[in-house]
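Several structures are given next for inspection.
Paired with chain B in one complex and with chain C in the other, chain A is shared by the two complexes that follow.
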Partner chain A sequence: MLFLQLLINGLQTGAIYALTAAGFALIFGATRIFHFAHGTAFTLAGYAFLFAWRADWPGWAGVLVAVAAATLFGMAMERFVYRPIQRHEGSFFTVFVAAFGVGIVVQNLIGLLAGRGLATVDTSLSFGTEVLPEIFVAPILWIAIGTAAVLFAALTVFLTRSHAGVALRALAQNPDLIRTYGLSANGLSVLAFAIGSALAAPAAIITAMTSGLNEAIGHQVMLISIAATIVGGIGSLRGAALAGLMLGVAESLALQFVDTQWAEAVSFLVLFAFILFRPSGIFGVAAAR
Partner chain B sequence: MNDAPTIRRRGLVAAGLSLPFIRSAAAQQASGEPYVMGTLFPMSGPNAEYGEAFTRGAQLALSHIAADNMLRRPIRLQAEDSQALPQPSVVGMNKLVNVDRAVWVLVSWTASSKAVAPIGDRAKVIMVNGGAVGPDLSGLSPYFWNVIALAHLEVPVLVDYLTRHRNVKRMALVYVDDPLGDAILGQLRTELPKAGGQLVGSFSVPRAAQQFGPVAARVRQTRPDAVYIASFGAQQSQIIKGLRDNGVTQILCSYSAFSIDSVRQLPEAVGALYTTQKLDFESGDPITRRFAADFRARYNQTPVAYHANYYNAAYLFGLLARQLEQANEEVNGESLRQAMLRTRTFDLVGGRGTFDDQGNLMTQMQVNEIKGAGRTEIVQG
Partner chain C sequence: MIAYLSNLATQVAIFGILAATLNFILGYAGIFSIAHAVFFGLGAYAGAQIALLLVPDVVLACIVAAAIAGGLSLCLALPALRVRGEYFVAASLGLQMVAVTLFSELKPLTGGIGGLVGIPLPTLFGVPVGVLPVALAALALILLATALLARGSFGRTLTAIRDAESAAEALGKNVAAAKTLAVGFACAGAGVAGALYALHTSFVNVESFTMDYSVLMMAMVIIGGTGTLWGPLIGTVLLLSLPAALAFLPFLPATEVGAVQQIIIGLAMTLLMIFRPAGLVGDLSRGQTTA
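Entry: the complex of A and B
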């Protein structure tokens, strides 16, 4: 029974990881920008929903506000931080430091506005009830899995069937070709940031309801997103999503065999295993030397 | 050989440039420059709520010291962000000691305190802890004092209460993987058998862990009567919520870390028990009443143990420095320590307290129960 309970917990955590990692992977895959502030988009979305909830706004309005906050933040980062950097020298290190700095500033602003300490959305959706002996399931589990499934299906349709989606995939492979066809690489880059950041919002809302938020939560989110992106195969959206789910489940199921202290280390053991034995990740293509 | 004159010249230039910064403490005293009181609290990150609470207590003490004209020189509070981590704490402590010339530093967190203690010890700077409870903080240095009851005093009180009044026989522990968590684990292993109880499971979690559903499943398996949570900051609230959301209905309990707002306001924390030193803000003691009234007026908030601890930690400087000023002695770490050893007993918030030989302020303890919406009730003490 413990195994089943851990699997259920793992699926819930994995769905959150998958959504967050997919957003990061979409941005990185399309633009090759290491968007370390993706965790900040997650934090902003979570707090936006929290404020709306505390103001007694309807749930759907809170979701919209959260999605808008994450999307606008992602677009602003692309337009006002990354694009000016790339116009000059655009080194990886400069991009990373700029994103890290923005994250620190936003973290402190949130601390000032929302107060320090844990903030949670108090809802019965996160409260587990015993559905089988020793098996507790909360309604949020189905919401997390359902949301992740619907969003990935929609994203797949968008990327394969719409002109903008196909152009985004082309941007990842050959930006020069995009310009040759008269498309705007900058516009597509903004689109990638908007969609990728928006994907963090549902994960942030679910986190606000389950484990709660604090202003520094973005760093942890980024660690998982980076790990999932590498394990899934850099540039592969479905790889990142699958790896996020896998890491969540692995982290939880590990408790069947090891001490609780090692649960998070399992994610990184999986990461190291992939780096050593399959560096291209689950769906990545091995680069020729 | 040819380099020798250059070195001498460079040395002379360096010495000349540094002269304006080299001033004796006596000269500083004569000039009326402020005393520097440092703080090493987490001001950012998931434990920043503590830093804010600790600072409020210290600030109120300084305003009382100034209002009462206790000292001839003002006090400047110099804050450094420890992030509740040893490495930034060491950086902050070095700055406070070597650049700001702090004579008195308020510290917190077991791991951070242990990291900075050698620096303060070498520089003979007084370090006062009002937040960390690791038992090995006792006697860490002659210049390291505690105005909070350490875990070896907190845990037995709670164990005794739980076994006697709540019929708790089986206890599980969820503890953070750091010196604080290890200390609580050691205390429970010792104290529970003495009281006829048993530690049925101990679950260590990394400091950065945020998901506790799977841990709850493991805790449930041990069939505990109570679960002791030895963590701090945002994580301890996440553990409470994680356990309650995932079917752990038993008593939750902890040490004084539960006295922060985010725990007392958490709906899932209703019924949780925690220990603090004895504090009755409605008592007849004028210092305690003044502290409580002014704290409420200044911060629009009911004070808790941490506010009182760091008020005491800062106010103690005022009491000792006044003694030294009145005796026309220099105010430095060594003279402050000698003054403390001469006096030992002080009237502080919570009542009269006496320091033992190890620099620990000995006080009585109480057990508190969280009643919801920020309210707590003293259930023993």
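Entry: the complex of A and C
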């Protein structure tokens, strides 16, 4: 019975991981920018929702504010941090340090403004009811899984059917050709950041309602996103989402054997094993450099 | 005042060692570790246990700390051999986060969250000594070793690996051995700094080995200038004098100094990367195109 309960919890966590990881993978796949501040977009969205909730705004307004915060942050990062660096052939390390610096600033600003430590949004949605003997399910589980499913369906349709989506995929393959066709690589890059960051917002809101936020949660989100992207195979959105789901379930199932503080370690061990034995990931084609 | 200055000087020497060794793998070998505080911590726990259980001999503590940190540096060297760039940063980020959990859970070895207290005052062959001269000597030795290694064939091999790994391999350089040695040297150095830190403060707990400290060390190297001998030292002095400078701002509540300090460090990192990626000391033509 414990197994089933943990599996259910794992699916809920996994849906959240899948959304965040897909956002990261979308940005990395399309722009080749290692967006280390993706966790910061997540943190900002979560706290935006938290502030809206504390100010007694209606739920939908809070969701809107959270999505807007993440999206604007992603677009601003592209415009004001990554693009100036890319202009002078910024190396991976330059990009990484710049994004990391932004993450530290935001983390400490939130610590100053919202207080340090755990912060949660209490709603009746995260209140579990006993559906089977000893199995508790909260409505938030269905919301998490539903949101993830709907967003992935929408994303797939967007990337395969719409003009902008196809252009985004083309950007990943050949930016020069995109320019030759008269499309704006910069504009598409901003679009990738907007969509990718927006995907972190629902995950952040659900996290705020369930396990809670803290100002340093961005690091953990980043670790999961990178782990899922690498395990899934760089460039594969489906791989990242699936790996995110798997990591969530694995972390939860591991609780049968170890205490909660080790959950993170499980994800890390999976990542470590993949880096050592299969750096190209599950769906990866090209070997990692 | 003398005590304050001597404490600050000891801190500068200890963090100078950390920055110099991190710079060795980051600036010369292009291995971007955000787990340097882990090896600092390993050295600190090792040094503290030696002092508590055996004798508080500063040289013995340093040697044991260097051996343990250097030995466990394989945890970092293994992924560094397989992948680079983004992938390696991810691995070191994970290592840092798991190590903090380990440090707080392995109570018999590390004292858990409470840490190890009452570490006796250091001696050298039975004679009581201050940590400051030993730390300064260790810093000088490590800077000398860095300069010699960087100038010699080993350093050139590392730079070659940083700039073009396949080319270095094609020229017959043993990439795996060079990387493992570089990581081992840097982590052993961090271990020495840890042992000195434990003997200096006579108290260690996991707080000093968190990601924040890894970031602080990275910021020291980057703000000073990666791949330069003196840059990391200048970064160390700058960043360690920051709390003292902030203390002069009367409107700042003492509890928020840490956060404000972190914000300044973060901003400095981002702005430097946008406008002067080579750091304060670094040569501007370099550091822009290196991978």
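Here is the rule we go by: the second predicted complex is superposed on the first by the 273 of 289 C-alpha atoms of A that agree within 3 Å, B and C clash if a C-alpha of one lies under 4 Å from a C-alpha of the other, contacts with A are read in each partner's own complex, and residues count from 1 in each chain.
In this section, a residue touches a chain if its C-beta (ideal position, glycine included) is under 8 Å from a C-beta of that chain, and two chains touch if they have at least 3 such contacts.
Model, not experiment: these values are computed from the prediction.
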*Clash or fit, chain B versus chain C on superposed chain A*: clash
*With the two structures laid over each other on chain A, which partner does A:76 touch: chain B (first), chain C (second), both, or neither?*
neither
*A:138 contacts which: chain B (first), chain C (second), both, neither?*
first
_I'd like to know which partner A:108 touches here: chain B for first, chain C for second, both or neither._
both
*For A:268, select first, second, both or neither according to whether it touches chain B, chain C, the two together, or no partner.*
second
*Contacts of A:100 with chain B and chain C, given as first, second, both or neither*: second
*Counting only touches as set out at the top, which of chain B and chain C does A:91 meet: first, second, both, neither?*
second
*Could you tell me if A:282 is touching chain B, chain C, both of them or neither one (first, second, both, neither)?*
neither
*What is the contact status of A:220 with respect to chain B (first) and chain C (second): first, second, both, or neither?*
both
*Could you name the one stretch of chain B listed in 4-12, 58-66, 94-102 or 238-246 that collides with chain C in the superposition?*
94-102
*Following superposition on chain A, which residues of chain A contact chain B and also contact chain C?*
104, 107-108, 111, 220, 261, 264-265
_Quick check on the complex: what are the chain C residues that touch chain A?_
30, 32, 78-79, 82-87, 89-91, 93-95, 97-98, 101, 104-105, 211, 215, 218, 222, 256, 259-260, 262-263, 265-274, 277, 287-291
_Residues of chain A touching chain C in the complex_ = 34, 36, 81, 84-85, 88-105, 107-109, 111-112, 219-220, 222-223, 226-227, 230, 261-262, 264-265, 267-268, 271-272, 275-276, 279, 288-289
*Can you check the complex and tell me which residues of chain B touch chain A?*
44-46, 48-49, 51-52, 174, 177, 203-206, 208-218, 220-221, 233-234, 237-238, 241-242, 244-247, 260-262, 266-267
*Quick one: which bits of chain A touch chain B in the complex? Just the residue numbers, please.*
2, 5-6, 9-10, 12-13, 104, 107-108, 111, 115-120, 122, 126-128, 130, 134, 136, 138, 210-212, 214-217, 220, 251-252, 255, 259-261, 263-265
